[in-house]
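Read from first to last, the chains carry the letters A, B, C, D, E and F; within each, the first residue is number 1.
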Amino acid sequence: MPFVEIKLWKGRTDEQKKMMIQKVTQVVSECANCPKEHINVVVTEVEKKHWGVGGIPGDELKKDE
Amino acid sequence: MPFVEIKLWKGRTDEQKKMMIQKVTQVVSECANCPKEHINVVVTEVEKKHWGVGGIPGDELKKDE
Amino acid sequence: MPFVEIKLWKGRTDEQKKMMIQKVTQVVSECANCPKEHINVVVTEVEKKHWGVGGIPGDELKKDE
Amino acid sequence: MPFVEIKLWKGRTDEQKKMMIQKVTQVVSECANCPKEHINVVVTEVEKKHWGVGGIPGDELKKDE
Amino acid sequence: MPFVEIKLWKGRTDEQKKMMIQKVTQVVSECANCPKEHINVVVTEVEKKHWGVGGIPGDELKKDE
Amino acid sequence: MPFVEIKLWKGRTDEQKKMMIQKVTQVVSECANCPKEHINVVVTEVEKKHWGVGGIPGDELKKDE
């Protein structure tokens, strides 16, 4: 029954997000000692312009974090 | 002032979501003993491929949960 | 698989919160047309002083919302 | 390392949201006494029909809140 | 009706958190062009050991972020 | 800059939670292709009585999920 939400910038492929769901579920299952079937993982993509770091929207930051 | 967020898979009609907002507000108002006007309910739809159960994205799960 | 989070001020009894979990699950199940077993409801209590309305912490507001 | 999420109705301009990220970062930095570089601010826009107040979806409310 | 959640490490005084609620409400009100009375701000304190940066819990990080 | 929140029932040891933070950071870094230093992971423990599954609070469920 753990519930995991991963917020990150838009831009990953479906393959990357699918892998992330699979691997995060795997390690949470191991560390929390609970069956994978009880774990939900949600990936929430955020537009860069809606995510500020240090007060600057992501689409105006110099480096790609 | 209760704040309720309902995360669920995409696919419900506007009518279903409107009904959900109305009914959840009603029961929270009764149970928390506070006026409906103070209750906010937000429905957040998640694409099936972004919601994994047991490590498998929703669009690859067999049953429609 | 809907996931519901209810944030509200501290101060409800265990009985009230239990009832809220039960009833919210019931109406979400009906409106979303999905089995109750797939629905998670989490109640998060927030101290009044940590929840501001209109810029004023809840423990300094006049009316009990 | 503070993480701020601002949920609000759709309808603000990019300029308004950029200003919001900048100013919220600024005041959190001052009040929490931590460098701006450690602060993340995410703006999440919600469609009015998905945000109910008092059980009524935002697109059916009379006043524009 | 904007809803703001500020997650940060435990350790700020009540006075700091009260100021943060007040000032964040003020700037969100200005930028979103909506009355302060419609804005909720919740401060969620997280124990350092429960907040990892770069995979290291906050209570083991060298610098105080 | 990915931000991960893991909600789960109370009851894990500090060692388990530390391991979870470390491993989740590791796999998110790999899958999202971003440096570990940009990843925040927050573990939020929820009391069983505040987390209902199928409408029943966790402390009254038969099996330990």
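In this section, contacts are C-beta pairs under 8 Å (C-beta built on N, C-alpha and C of every residue); 3 or more make two chains touch, one makes a residue touch a chain.
These numbers come from a predicted model, not from an experiment.
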| item | value |
| --- | --- |
| Chain B and chain A - chains in contact with each | C, D |
| Which listed pair, A-C, A-B or D-F, duplicates the contacts of B-D in over half of its pairs | A-B |
| Maximum centroid distance from chain D, chain identifier (CA atoms) | F |
| Inter-chain centre distance, chain A versus chain F - centres from mean C-alpha coordinates, in Å | 13 |
| Rounded Å distance between chain A and chain E, as computed from the means of their C-alpha atoms | 21 |
| Sites on chain C at which at least two other chains make contact | 1, 3, 7, 17, 26, 38, 40, 42, 51, 53 |
| Chain contact topology (line, ring, star, complete or other) | other |
| Chains touching one another, given as label pairs in label order | A-B, A-C, A-D, A-F, B-C, B-D, B-E, C-E, C-F, D-E, D-F, E-F |
| Chain E contact footprint on chain C (complex, rising order) | 7, 46, 49-57 |
| Residues of chain E that touch chain D when the two form their complex | 1-9, 12, 16-17, 19-20, 23-24, 26-28, 30-35, 38, 51, 53, 58, 65 |
| Chain E-touching residues of chain B, taken from the complex the two chains share | 1, 3, 40, 42 |
| Partner chain E, residues of chain F touching it in the complex | 14, 17-18, 21-22, 25-26, 36-45 |
